[in-house]
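Take a look at these structures.
One chain, chain A, appears in both complexes that follow, with chain B as partner in the first and chain C in the second.
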Partner chain A sequence: MTSDPTSAGPLLELHGITKAFPGVLANDRVDLELRAGEVHALLGENGAGKSTLISILSGMYRPDAGEIRFQGREVEIDSPRAAIELGIGTVYQHLTLVPTLSVLENLMLGSHGGTGRLDLASANDRFAELARLLGVDFASGARAGALALGQQQQVEIMKALWRQGSRVLILDEPTSMLTPQGYEELRRELEHLKDGGLAVVLITHKLHEAIELGDRVTVLRAGRKVGSLAPDDLRGRSESELSARIVEMMFGEQAAELADAVEVEAAPAARESPRRELGAVALRVRDLALDADDGVVGLSGVGLEVRAGEIVGIAGVDGNGQRELAELIAGQRRPRRGEVLLFDEDVTRLGVREREARGLRYVTDDRLGEGTVGDLDVAMNAVLKRIGRAPFWRGGTERREEIDRFAEGLVDRFDVRTPSVQTRIATLSGGNVQKLLLAREFAGEPRAVVFNKPTHGLDVRTAEFVREQIREAAGAGLAALVISTEIEELVDLCDRIAVMSRGEVTGEVENSPGVEERIGALMVARAGAGVPAGSAS
Partner chain B sequence: MRARVVAIGKSTLIAVVPIVLALVVMGILLAALGRDPFTFYADMFQRGLFEWQGFQESIIRSAPLLLIAAGLIVAFRASLWNLGGDGQFLLGAALTAGLAPSLLDALGVWPMLLITMAIAMLVGGAWTIIPAVLRGRYGVNEIITTLMMSFIGIGVANVLVKGPFRTDVGGVARTDVVPFDERFPLLFGTRIHLGFVIGLIAILAVHVLMTRTSLGLRMRILGASPRAALHAGLNPLRLTVIAFVLSGALIGLSGSVEILGVQGSFRADFNPAYGLLVIPLVFLARLNAIGSLALVIVFSVIQIGGESAAREADVTSDVLLVLVGLMLLFMAVVEYLRVRRGLGMAFVPPEVADRLRPPGGEGGGGAQAGEPRPALGAEKAGSR
Partner chain C sequence: MSDLLSQDFLTALIAGGLVAAVPLLYASLGELVAEQAGVLNVGLGGYMLLGAFLAFVITYNTGSEWLGMLAGIVAGAAGALVMAVLCVRMNLDQIVIGIAILLVAEGATSLLHGAAYAESRPSLGSPSELAIPGLKEIPILGESLFSQNAIVYIGIALAFVVGWVLKRTSAGLSIRAAGERPEALDAAGVSVTATRTWATLCAGGLAGLGGAYLVIVGAGSFTPFITQGSGFIAIVIAMLSRGRAPWTIVGAVLFGLSLSVATALQLIGVNIQTDYVQMLPFVVVIVVLVLFARRSYLPSALALPYVRGEK
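What follows is the complex of A and B.
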């Protein structure tokens, strides 16, 4: 690590990086400059080219054109190994730890020792060194799966830095699974890392994170660098001023009409959710219990009510039983105890199809594994829940024109970007798949819909479009249950917010200004078994 | 439309290349054995394809194979690995052979044919119910259970043939022979029997079922993603049972067709092991019914023509097994290269990658609307 991080020239420079894939110019002459002791935030919508750029940095792709300079010397990062040898470590969005192994074992997995012998003593030394650097505190012998998500992420960071002489750390959407406390924790870790002289690249599509965490911000749009803010630009300006500048870069002339969308990002609490007329109780779950199983979070005593026209949120760190609850409501699982009522009718014993016929819908968060069948085309996925029904099938035989026409209607209404409805859905981007899923569930006459992370991974514009659709539908009398890990979103959208932790509803709050802190507290309320993510140091 | 033609051309190529490679390597082996490969292949295709007699034999051989292929496709498309084909086949065959003589006496030819075929379908289908329910309800691996049921089925078939169905005539235990005139009618003065038509209809019907109907789509969804099936409100248990029973019924029927068309009688320990032979063929055809039809006929030609070519060249007919084995090996290699090429595109220089890419691009040019998803293959391989 460099002795004097601030005065040195750029550690790593990218000049004119260009990378094309069939039909898409993913990076178009992008420049990027990383300095030791700085966090460089890379901001952009989905598809802006952030992932491609870090894939080039980490040796997964080779650029078509452009050059990379490391400490002023031109280098070629032609393999992941070459990246590691330069001291570039990457932490991906998804956790890659082996849950049954200890922290130390996980860390040692990544390093290929020459002789195959495990050198525990030096590994423990390195662990202690990195724990000091990051300012974290847990035992190297702890089982990785038993750690809180925030701590698991810290282990991931250690893994990326494991090799001696790490210089650059790439964090891909590191905040997507963190609690508010976990976010604060990450912020502290970043300070530690900067003091240690590392150059950090932080990928995010959230404006306020880029401003808060970044010392330097580069904005990408459609593969091109459309602007950047140097430390001098960032210092001494208010967040709203900076937001406005960045939005200008991201969306250019469309910025004005997007002011609304950005408000959610920049000032979540500022928005008062409009009151709607509430009707009868549409969806009621009582005392739901589910046994924990391999990969299934157990539930106990979960009760909730959603009225027609109401939007109720479920907050919580991912993996605290939200998905299981949604599946119980949709009929994809059977509870051990408890009941699900739809407009006072007990539907607990009914299957998915019967519940769907009664107006209950579930928008899954697993778009590719559960919500769609990747090998089928867009049109077939649009009618996935209506297989065999008229007018799409008659006498068991498909009516292709009807299916296509219906799908084209959905594609049109929700602006799904696809070459045609005969395109295999697996070739669409995540945002477009999500739009199709929403279009599918909104079609017909839904009366109660469970939305599981409806805007996860969507860009600002699409996310706001989705929220607007939910608001509109609720205005027309839909009962909406929205599961999200992003508190800002729930505060923006919901009338009431329930919080889940460890398979229980730990509390329920009316949406009012300043509600975030209470939600944050409830999120870790009964997570007593492990150390809460926010209090590790 | 053009994309479709390209796709069909591509999959044909993928199916043909392994066959050609296998013929080449086999030729080298034959040469090493001191046989002239060209004579051998000439004989093989002459006897199996170009000679009218041989061609008819090949077609006759293909009849039960087509039914088995049809049955396997139904199950495999639903990702249900019915490996119990031999048990289902032999049970169908044994019951047909055992019951045909008395039914013939009591009811005449046509009722006998229809009833024995129906019974063969029922028993073949029924033989899959236990694996189907175990799989559908409890998630028990059907590869094990169908194989076990197959062993039981083979045993039961032989117990029947050596016991209640055994003929009074001495010698090897077998059933009474159905007279040649009272088996399947022959087509238009050829030696090809009705069974071929039944096989042809079955495989075409399965093609329509899987590509055009809601039931077929449901089974394909179950096969592609059980979670998506559950989410879409499908009933996985029911679909599993339907797919399995249909599969077993078609394979059971193939046993009946073999008896009523060719054998006329079930000799104890009869087991041509067609079930296992057809499995690789349907995979080679990528579980496509039309492709399977073509491959089953090619395979029949190789079997029929090869047997006689082997006799001619004075080598054991086991060389045919080597030939088929080589085809499977090359099929696996070609498949591997095909997948790898998509996956590893990022690791080759761009110019080379462009040349490697099929015309029109993997994603149809503009298919990747919005966000580029270059790592699609990599994603599937679980690297993210």
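What follows is the complex of A and C.
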């Protein structure tokens, strides 16, 4: 951070960057310009080519064509090391800390590339310096894996700035794991860093973040730059005016029809949801407890109720026990204590199949892992949970026509874009795989469904389709439990929202305008401490 | 059974145990480094055999035990180079290639030995160059503990040096990151491939040295399959050490003693079928694994190839 913020020219320029992967043109002649003391927001949907572009900037990929200029001089960034030497630091979306190493060890990783003795004294000095800048509150000797996600991200930012003379900081979807409070903190940190003369690239798929945090905005769509806003364009205009302009860039002609869906992503606002008729308590979990283990978050005293026709949300930063809770309800795990009731029947001791037969379903967030078998075709994936059962199997032999007919029904109803049901599912896009998963779990007579991050990574249109399906099903009497890390989405969808933190339900709120702030407070609370648990407002 | 505590028995047990422990110590130390970097050497026993055979050939022909030891390191590292090229550079499956290397090493050394030495069955005589004078005058322990040669003391010192390198140097940091989260190392601008290659070669060289010791000091001759599963025992020791190198000493001595019980028992005339006694080390492996299974921690990226940009 030794650069001079007053220097007039751009610090880093990308011209005509093109990168193709087999079957996809990820970047098509993209230009980008970074200036010292500015945050440049790079906006686009999943798959628009943002990550590819910053991978090129950070030396992970090499472009097929185009040039990169650093302070006017053409440079070649052919390895992560070359990027680091130019002073380009990157914070990747999927954190790249080594969990078993200490914070300081993570920071020193590769710091001088040599093989010599580690210089702990000067490393600690540098840590203290950056800790002041970013306002961190953990020790340099702490194990990285033991830190909260927000803190881990701070370590990542420190790592990106570790070398003296950092000029460019790239942040890939930095808010995806932050609470609303963490977001405010990031915003303050960015101000500090800009004052220090750093050029920041902020990658995001959320419109309001781009407008709030960016001094300059570039919009990518399908690998191409489709528009940009200079600081002059951003100043002195209202947020809604800017949103409208950007939405048009992002979606072109379809902008109008998508206005509703974009609203959810852009400006969080509780919308009037039609009141549904609530029935009996469909799903009830009482006092569920699970022991923490390698990679498993422990749960304690988790209790919830979902009525027929009700949509209940579970908010919380990723990795606070949501997945474990979902798996306990689905029957994929056994609790240490507590029970799961389905319409007052105790199903705690039943396996996945028996629970499913009783109408309890689970839509996993791990679509490609536990959700589907990539090498099998769409049809076989559609009956994945019914292998061996009639009418798809009889006497141990598969009945292909039955399976295909069933799969075609699902594909039709949920508008899954696939050449045929004999296509290998691994070749489908994430959105289409998710549609098939939903179709599969909605088939038959589900009475209660747990959705784990149902719209994660989907484009705006598919995400809205998924939400609409959940709403419709609830209208028809389904009890839905929706886990999501996006508060806006839960506010849009749910009747009630429970918040999980560190394996406990820290509170539950009725959905009403302005509820986001309370949810944010509960996300960092511990059960029974500070914020009163139980329903409010 | 009072013989069990006699001086003869104890001397034989401890001395034999240490001789058996040294190859395990070197091999497990090398394997520990490779595992920390994310490479599982199922063919560790193969590197030992290659080292043992070449060390035998060189020592027999030159008369120099030190040259033999050096040859052991080179042969073991050559075996590991195959592993590094196929698994680290070309990302083939570590388990499959490891098994292949073990089988090839077993076959090749048996064949070569059969062709060259099956008739003459030469032996090397007791090692002389490696001894350190003066220590063996102390009773009981003097004979067994201190009449050891330089290789033993080097090995013990090496365990502490490796521990220090892993913990306190940037090379050690890179090695640990390569096994735990290679993408983090890559993003930090350090080559995962180079780090893993060096760690694998280190495993090969040290295992080869262990094999050389087995032949030159332990047996005094090469016989086919002389390592008798030591490679696998060394892998277990490395796993149980959880990345802390000095623990390999404890593991190696424990398993070394269980290997030497057989010889010691025969020495005092207790007659148990050798087949039973030779099972002992492996029974110990199973018991130790059952008792300490929770203790063993394997790096997250162990045996997984690293390809940039793939999850």
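By definition in this document, the second predicted complex is superposed on the first by the 472 of 537 C-alpha atoms of A that agree within 3 Å, B and C clash if a C-alpha of one lies under 4 Å from a C-alpha of the other, contacts with A are read in each partner's own complex, and residues count from 1 in each chain.
Everything that follows uses one rule, which is that a contact is a pair of C-beta atoms (placed from the backbone, for glycine too) under 8 Å apart; a residue touches a chain by one contact, two chains touch by 3 or more.
What you are looking at is a predicted structure, and each value in this text was computed from that prediction instead of being measured.
A.B. asks: Between chain B (first) and chain C (second), which, if any, makes contact with A:247: first, second, both or neither?
C.D. replies: A:247: touches no partner chain.
A.B. asks: Regarding the shared-chain residue A:101, is it in contact with chain B (first), chain C (second), both, or neither?
C.D. replies: Touch partner of A:101: chain C, not chain B.
A.B. asks: Which partner does A:60 reach: the first (chain B), the second (chain C), both, or neither?
C.D. replies: In the superposition, A:60 contacts both chain B and chain C.
A.B. asks: Name the contact category of A:353: first (chain B only), second (chain C only), both, or neither.
C.D. replies: So A:353 only meets chain B here.
A.B. asks: Using the superposition on chain A described above, determine whether A:372 touches chain B (first), chain C (second), both, or neither.
C.D. replies: first
A.B. asks: Applying the touch criterion given at the start, work out whether A:186 contacts chain B, chain C, both or neither, answering first, second, both or neither.
C.D. replies: Neither: A:186 stays clear of chain B and chain C.
A.B. asks: In the superposed arrangement, does A:92 touch chain B (first), chain C (second), both or neither?
C.D. replies: In the superposition, A:92 touches chain B and chain C alike.
A.B. asks: With both structures fitted on chain A, tell me whether chain B or chain C touches more of chain A's residues.
C.D. replies: B
A.B. asks: Looking at the overlay, does A:123 come into contact with chain B only (first), chain C only (second), both, or neither?
C.D. replies: In the superposition, A:123 contacts neither chain B nor chain C.
A.B. asks: Looking at A:388, would you say it contacts chain B, chain C, both, or neither? Reply first, second, both or neither.
C.D. replies: First partner only.
A.B. asks: Under the contact rule defined above, give the chain A residues that sit at the interface with chain B and also at the interface with chain C.
C.D. replies: The answer is residues 55, 60-61, 92, 94 of chain A.
A.B. asks: Can you name the residues of chain C that touch chain A in the complex?
C.D. replies: Answer in residue numbers: 168-171, 173-174, 176-177, 180-181, 183-190, 299-300, 308-309, 311.
A.B. asks: With touch defined as at the start, can you tell me which chain A residues reach chain B in the complex?
C.D. replies: For this pair, the touching residues of chain A are 21-24, 26, 46-47, 49, 52, 55, 60-62, 64, 92, 94, 330-332, 351-353, 356, 362, 364, 366, 369-376, 380, 384-385, 387-388, 393, 396-398, 417-419, 423-424, 426-432.
A.B. asks: If you look only at chain A, which of its residues touch chain C in the complex?
C.D. replies: That would be residues 55, 58-61, 79-81, 83-84, 90, 92, 94, 96-101, 105-106, 108-118, 159 of chain A.
A.B. asks: Contact residues on chain B for chain A in the complex?
C.D. replies: Counting only chain B, the residues touching chain A are 212-215, 217-218, 220-221, 224-225, 227-228, 230-235, 346, 349-350, 357, 361-376, 384.
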